[in-house]
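After this come two complexes, each holding subunit A, first together with subunit B and then together with subunit C.
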Partner chain A sequence: MQDQDLCAAQNRGVRELGAEKLVGWDEVQQGVVINSFDGDATGIVHQKAEERVYSDFNSYTATVASWRVQKPVFNIDVCIDCQNCWVWCPDSSIISRDKQMLGIDYDHCKGCGVCVEVCPTNPKSLLMFTEHTELDAALSGWPEKTKKEEK
Partner chain B sequence: MAEKYEIKETEVWDGNYAISQALRQAQVDVVAAYPITPSTPIVENYGNYVANGYIDGEFVMVESEHAAMSGCVGAAAAGGRVATATSSQGFALMVEVLYQASGMRLPIVLTVANRALASPLNVRGDHSDMYLGRDSGWIQLDAFNAEEAYDMTLCAFRIGEHLNVRLPVMVHQDGFLTSHTAQNIHPLSDEEAYRFVGDYKCVDEMLDFTRPVTYGAQTEEDWHFEHKAKQHKALMDSRAIIDEVFAEYGKLTGRTYNRVENYLMEDAEVAIVALGSSVETCRLAAEELRAEGIKAGVVAPRCFRPFPFDAIREALKDVKAIACLDRSSPGGAMGALFNEVSAALYSTQARPMVTNFIYGLGGRDFAVKEAKRIFMEQKAHVDAGHITTSIQQFSGLRGPKLGFFETKRS
Partner chain C sequence: MAITSIKNLKEFSTNNDRFEGAHLLCPGCAHSMIVRELMNCTDDNLVISTNTGCLEVSTAVYPYTSWDTSWIHIGFENAATAISGAEAMYKARKRKGTLKDPDAPVKFVAFGGDGSTYDIGFQWLSGAMERGHDFTYICLDNENYANTGGQRSSSTPIGATTTTAQAGSHSYGKKEKKKDIVSIMAAHGAPYVAQLAPNKWKSMAQGFQKALGTEGPCFINTVSACTTEWRFDPKDTIHITDLATDSLMFPIYEIIDGHELNILYRPKNVIPVEEYLAAQGRYKHLFKPEHKHVIESIQKEIDQKWEMLQRREEARI
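Up next is the complex of A and B:
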């Protein structure tokens, strides 16, 4: 069963969107130009997400979990690490390290279900469940491999 | 390194050619453009300079004006000096992106050869496109002749890129009347022009990999208002910078510009407020009427946005009757100049009589004789002590006389 805070830095998803400190017109950033990181970001492309110092205005530090009605659940016993879900996820919410699929970033996943659609295994390694379903309950009822239909 | 382009002290250039030369001299990094009449020769000439080795920057041909301004926004956000040109329908297609450019505080220079908006389709000069841009958050400078189009283009870079401004700037000239009329022009040398414009100063550039930034963020009701207020303040405060840049350009060239250009206004009793090439027509009319003893003068906003409420009020506070000439179909209201000028004057003690003329739509000719008639009508209001006509009238229109709104004062 996956760790809910998989690969999370301390500041991933720590605030609701719109919970930033509100400031007056004289203090807002000119042109709404937003820093992605705090401090010098030289070489940051070589760091993993959880190693980076994201700014308070980066979506990394906000959670949008409340937007989700259904969530994907990942079953590591079936997964073949093909990376299809990682490629297709529109919100970079599939967490993979060294081509090993680890699970879902539930702070940023919107529950679109694309990962389930593109998963090629039988049974699928990712399935959609209602948001309140416990992970162990979801995994315990995982479907069996479906037989090929007789021609 | 770009080839040296030979220019003489006096050249015979039309407005479009003059602007293309100013763009070359400013050493623009990226021009993304989609040509449209009557601004086509600006980018056509510029493309020629590129092909012949006179330009170091990039020239990007795109598939529409929306794409042209989008390319400009991207290049400006990346950290380059950026310019383009358009007119009319092309301007209309750019509008969405104009607001993006000003909101992101990108000092793009857009040179506009003013042209009517369809329907009916028309390629001639009126101010419909210029007026369409008036709430877009851009600085709008207006050139009344070809040399001014050159001068305003060089000044536009200096003004927009000033670190206290950082706003995009439009340079307007009248389509065909100015864009295609060749006149004597006294350009700066390449060295002088570039020294005046200066090196581009990057702000929050996306190509700074030590500090990655996001452009085009979404802000809802909790942030949007503060950002728009800050942007508006920058636009209002740019007035002082515009004055500074004009003064410096005056020292360099002997051609001194003002946010409001007054002509024969010292003791004027009647005045016309106008924009574009008609300003020179009205000045000729005022001169002729002065010879007949009529105290006529002309007030012309050089800077349409930010609107020079301060200087307009100062120029017109002692005048008795004023005609505001709007070269754009007002769409169910008074013309924009009438509205702005009336607003500027409402807070004066005198509150002079102000009337509105819609004129010259789709390039309809506006001659000295008609300007004189309008002056004389203002004189008639003064003599009668009240406005003797409809407040909004049409000048140079065929058919029965058309007018709207009557005065409540007598």
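Up next is the complex of A and C:
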């Protein structure tokens, strides 16, 4: 005896596409779609992350923090807001608002160290520390300005 | 179109990212630097297709997506096919008056790796360019099939070791030259073709904006340094790309309407290609005495190409 539901595979493509009604090519129902936002996503380009309603499917709601062995630490006192770190961070993890660098998004940072390399200040405004280093400890031991090597 | 201002980096940084973190690309991967910049250089709605490769598998791992725009994943060879179809459908629906918001500006973009662009999706890309769809195709050129473990592609330069063209006692790595995809695409008569690099963020953003603002099929080859297969420390992605552009291994230029060539970056100090090669594990074997001749021939090729580009630019034809 065969269960009707178990035989559904025979009709699957047809039914899922809504084609049993003989609809036109531009009326076919969507297949599987994952929505990045809950509700209306019009205009999200003008919304900052904190203003958006991310859906649970958006990787913004996930974390890759466990990938890190080292983490960048930000010292705002030295920063000149050049935004080098913002443009080159491969993990959208530099939090910049209104032309100012505010800090690091540690949920998404993978600890690659690119931001430290591209930071132009002397001493650098970003430095790598082992993951378990306390923020205070990192900041209190921040290096002094280094003199240019004499040639 | 709504171009976002790129007068300087501070201003550029006021854009809100539409490419989200917690994708699974390697730390330091240049693919995401390029994708972020494309998405930050316009306010328009984007419809993006991405075929199989590191970018696709790392940004759509169920249940997550890192894309805040319409995004289609399609098989390895078909980024150009999918975006052609989407663009054609959009135009048809606009004509029929069945679009919800017909006045909303929308741009069509395809991302493919070099494996899919130079090799496997080549005829489909050529077809889409010839049919003249209104889209921008961006190749993320990391010079190998990175997602499947680093096989050689027709973009892999001569002398690089890959898993299918391995350097060893009888081989210096890949023996064939890199295919000149930029010239091939320009030969389609495309209105805008360019080679750009993420270390030169401004010329890259401006090139992206030109392509998005140009009607018709545009092609951009971007240099995408691959920390895993090129074998360098993830922190050095931008440094390696600097060496690539400053040694002229990757000259930065555009070709308009298939003929008008403009050089977009002239290094103040051109560095010997040896410095670029020495910074990456994939070229380590070339520094053995028996393979040094390969470095010399690479340098010679670079010099000839640069000479050719400069003459083409001067000729203004």
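Keep this in mind: the second predicted complex is superposed on the first by the 118 of 151 C-alpha atoms of A that agree within 3 Å, B and C clash if a C-alpha of one lies under 4 Å from a C-alpha of the other, contacts with A are read in each partner's own complex, and residues count from 1 in each chain.
Criterion: contacts are C-beta pairs under 8 Å (C-beta built on N, C-alpha and C of every residue); 3 or more make two chains touch, one makes a residue touch a chain.
Keep in mind it's a predicted model, so treat the numbers as computed, not measured.
Touching A:98 in the superposition: subunit B (first), subunit C (second), both, neither?
A:98 contacts subunit C only, not subunit B.
Looking at the overlay, does A:110 come into contact with subunit B only (first), subunit C only (second), both, or neither?
Once the two structures are laid over each other on A, A:110 reaches subunit C alone.
Regarding the shared-chain residue A:139, is it in contact with subunit B (first), subunit C (second), both, or neither?
neither
Applying the document's definition of touch, where does A:31 land relative to subunit B and subunit C: first, second, both, or neither?
first
Does the superposition put A:40 against subunit B (first), subunit C (second), both, or neither?
A:40: touches subunit B, not subunit C.
Classify the contacts of A:78 with the two partner chains as first (subunit B alone), second (subunit C alone), both, or neither.
Touch status of A:78: no partner.
In the superposed arrangement, does subunit B or subunit C reach more residues of subunit A?
In the superposed model, C touches more residues of subunit A.
Please report the subunit A residues shared by its interface with subunit B and its interface with subunit C.
26, 34, 36-37, 41-42, 44, 57.
Which stretch or stretches of subunit C touch subunit A in the complex?
9-14, 16-25, 27-33, 36-37, 43, 59, 62-68, 89, 92-93, 96, 98, 101, 198, 201, 233-239
Within their complex, state which residues of subunit B touch subunit A.
103-106, 166, 203-204, 209-217, 219-220, 222-223, 225-227, 229-230, 233-234
Within the complex, which stretch of subunit A touches subunit B?
Contacts found on subunit A: 18, 22-26, 28, 30-37, 40-42, 44, 57.
Along subunit A, where are the residues that touch subunit C in the complex?
Checking each residue of subunit A against subunit C gives 26, 34, 36-37, 41-42, 44-49, 56-64, 67, 81-84, 86-93, 96, 98-99, 105, 107-114, 116-118.
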